[in-house]
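Naming follows writing order (A, B, C and D), and every chain is counted from residue 1.
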Amino acid sequence: MAAVSGLLHEYGANIAQSDQYSTSIAGGTFLMRVVFLLPDLEQRRAAFEADFQARIAQQYGMEWSLHDTAVPKRAAILVSREDHCLLDLLWRGRRGELGLDVGLVASNHTDLADDVAGFGVPFEHVPVTKDTKPQSEARLLELLHGYDVVILARYMQILSGDFLQQLGVPVINIHHSFLPAFVGAQPYERARVRGVKLVGATAHYVTEELDAGPIIEQDVARVSHNDDVVALKAVGRDIERTVLARAVIWHGEDRVIVHDGTTVVL
Amino acid sequence: MAAVSGLLHEYGANIAQSDQYSTSIAGGTFLMRVVFLLPDLEQRRAAFEADFQARIAQQYGMEWSLHDTAVPKRAAILVSREDHCLLDLLWRGRRGELGLDVGLVASNHTDLADDVAGFGVPFEHVPVTKDTKPQSEARLLELLHGYDVVILARYMQILSGDFLQQLGVPVINIHHSFLPAFVGAQPYERARVRGVKLVGATAHYVTEELDAGPIIEQDVARVSHNDDVVALKAVGRDIERTVLARAVIWHGEDRVIVHDGTTVVL
Amino acid sequence: MAAVSGLLHEYGANIAQSDQYSTSIAGGTFLMRVVFLLPDLEQRRAAFEADFQARIAQQYGMEWSLHDTAVPKRAAILVSREDHCLLDLLWRGRRGELGLDVGLVASNHTDLADDVAGFGVPFEHVPVTKDTKPQSEARLLELLHGYDVVILARYMQILSGDFLQQLGVPVINIHHSFLPAFVGAQPYERARVRGVKLVGATAHYVTEELDAGPIIEQDVARVSHNDDVVALKAVGRDIERTVLARAVIWHGEDRVIVHDGTTVVL
Amino acid sequence: MAAVSGLLHEYGANIAQSDQYSTSIAGGTFLMRVVFLLPDLEQRRAAFEADFQARIAQQYGMEWSLHDTAVPKRAAILVSREDHCLLDLLWRGRRGELGLDVGLVASNHTDLADDVAGFGVPFEHVPVTKDTKPQSEARLLELLHGYDVVILARYMQILSGDFLQQLGVPVINIHHSFLPAFVGAQPYERARVRGVKLVGATAHYVTEELDAGPIIEQDVARVSHNDDVVALKAVGRDIERTVLARAVIWHGEDRVIVHDGTTVVL
């Protein structure tokens, strides 16, 4: 911390925000996120990065990266038929709340094409059947090339490990339950059968194992015996869109660090 | 509903509260809880019950029971070493918030004997080891005889199916996770490993299958990467005691009806 | 209750839901909402209403009304420039979640005209200035004629008592604070100055006195010193739209009864 | 930040936690809380403090203080007749959750003397009448001498500005409403009349102006028309004790910084 803030001070940077977390008091991994104002960053960036690498990162064995907050990340959204998460993201994007640029929406259905058009975002239809999954994933890889993050806004297809590896950027999914409860399909149906008194949603990074990736954000809402599956889904939609939006916003602000299968949100 | 309220009207009863739930709009089970004021209930009870049975219950194939709200249920509490749920229940009992009489606390440890004494409630020490479990359960059955409900306020022993059957009254347990997530032992440790962003607690009726009984109440609280297992447990204690207290109060008010492995809380 | 359910039984109606509330155990006002299935309601409605009035309502001095749930209420929305509440209502309406028909959006600005057009709902621009307020209100009265309820989805004009009286139907407003805290203008600015740790929103029926009408629904979200006014507003938007939607849905289902300056939500 | 972490580094301190907040990006007040491990602190404390003052605090015009986390603050509690906040604090203290030592409970009533005795904490009865308020406050000042913080755990007397000034240490109060709603007496009664859908509690530092001091923590719980004043108070008690406990714990950890009539909780 002294080294990083010292170098920033030396460069005349003004620290706007600084958050740290140590995975263990003694000998743990030290995680740090610093937001700073550095005049003329563009011209001085190369020198600063070289200095940072040579004088600090090497000494402390750091993994690090530098992002210009004026350059929002580029996001693509995959969606199937449910509109609530998609529209919420597009609205927030239009309002400037999202902090990243949505450059593409791709779907295995055409239902939401018109909605997306209204926001001036390109829409691509990439159908998937059991037999055409490899071709679909290949097509998606072409389309998703160049994006910094992919958001699954209720995309009801499982992405193969191979696809995730070739994609090479983080994928954020919204799962419609409070994980690890109700991993897999039909969580609301199973929540109803189990008689839970709260339903939830979980935004997580996608890994090859289904619904097992690092959790970014979760929330719940109260339900009762009066709520049948249709009602649970209606309650759940509000939680899903809010939880996904928070996770996406935090990811866009580089607040989320994955460590040991979990996330640290700084 | 017409039949029940009609008979009550005929008897001059004043309905204070009435709640209904139908498990299905057509052909489901109809559940109903009516609170009414009936002057001279004691003297007229036998006649009313006979009438109710003959004129209504038989016709509609009802299971029913009548409880005098002036006579609180008698409860016994089982506890191990954690004090938070126990003390909260005793404290609420003293304040008159609980709506049932706690007549006994039994524990497999002696740690909490003094606390219980301060509330003027009898305390029984019933140690359990792997080898003495049958004797312990036999002793508990003697002690618990005559109670209307048994509350497991962090009792860290699994009760056998045989014990439950012989006991013959409802047993309410507080599980320290948001079921069905983290069934079984060490839920906070597993919550930490999985990196959940909320921890919860679940009050449920005990059945032979571990942590699988009908859920009465649940709640959660927000946690973060900053919260180690010790911190998760501290947050959890507040949720556990509150959730258990709500479940016990509702049970004492005859609000909780078990149906098809779940509860309807009227 | 016996009388109402008895008559329904006599007509062969099947009670789907029944909720009651008595403002006082002895001598209070008894409020009741019954949802029932009555085959051939249309043909039998006149007879049923006459019977209900003659045999029940007169005897008990009831105020009552009968609504066909298959005929949704007609709603008009007034809005200024903020889109979040409006879009949320339109979106829920499209999904069939709202339970009432939005037939008109009127605004004192034109900013949201395109958004409204996308949902196929007529949009009317009714500008207001200090000098033209009477004419504006007159124009609104023309436009709002025939609607069952008017929703102020962040409409930043105070409606005159005269207007409300002539309008003659309920008006639901969303106020961007947890009333009665921060009545009036700029609640988020004042919340920031006061240093509150939660911000909220309140949906209420509009009365002549500013922000003093019967509260239908409220909710809050956690904020901190890190949240400046811009951040408070962003957090608040999510609460506002959710709280307003709940209030509108409940109103559409005839769940909300005004009594003595407050609401009973059955 | 660079200066502080640099000096700590120089002394071989290990930073365990560091939180910062700037009241304004440019030219605001910079607030910082650093928790560090410094071996042999006791022997080196004088030197470290002198260094810190001379090399850092003077240069940046800092107000600062250094607390040994191994030495908990000493707290005194004032209470009237309600037991819930008091008992919750004493329990948490016994469990080691509170992080400060409760050395005294003083009350204007004797109702809670036995409860306090059970925890081995001295209890002082300091009656107050309208006529004896000055003498009571004088007696309290004697008793409270030497404590680091005073906690009003539902103490239903207004402390004079003179008293607060002479006391000279922070006083934390729990107010039984979501401030600034329902400042002053009988908040639950007024909440019922206003028909709010949530009740809350607010922990704040006491200033001369009633219920206007800097807010440390707030929370709310959902209520409905079914909850009369007695029920609102029961719901409120759970919120009050939790909110007060959080505020006290944070204060004990030196997390709460008062700035401009509000608090920053680091």
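Simple rule for what comes next: a residue touches a chain if its C-beta (ideal position, glycine included) is under 8 Å from a C-beta of that chain, and two chains touch if they have at least 3 such contacts.
None of these values were measured; they are calculated from a predicted model.
When chain A is fitted to chain B on its Cα atoms, the angle of the rotation, on a 0 to 180 scale and to the nearest 5, is 180 degrees.
Homomeric contact chain A/chain D is classed as same-residue, with over half of its interface positions used by both copies.
Centres computed as Cα averages put chain A at a distance of 41 Å from chain B. The mean-CA centres of chain B and chain C are about 38 angstrom from one another, to the nearest whole unit. The set of chain C residues touching two or more other chains is empty. Interface residues of chain B facing chain A in the complex, by the touch rule stated above, are 21, 178-182, 193-198, 200, 214-220, 224-226, 261-265.
By the touch rule above, chain A contacts chain C in their complex via residues 83-84, 87, 91, 95, 97, 118, 234, 238, 242. Remark: chain C residues 1-3, 5-6, 8-9, 14-20, 22, 25-26, 37 touch chain B in the complex.
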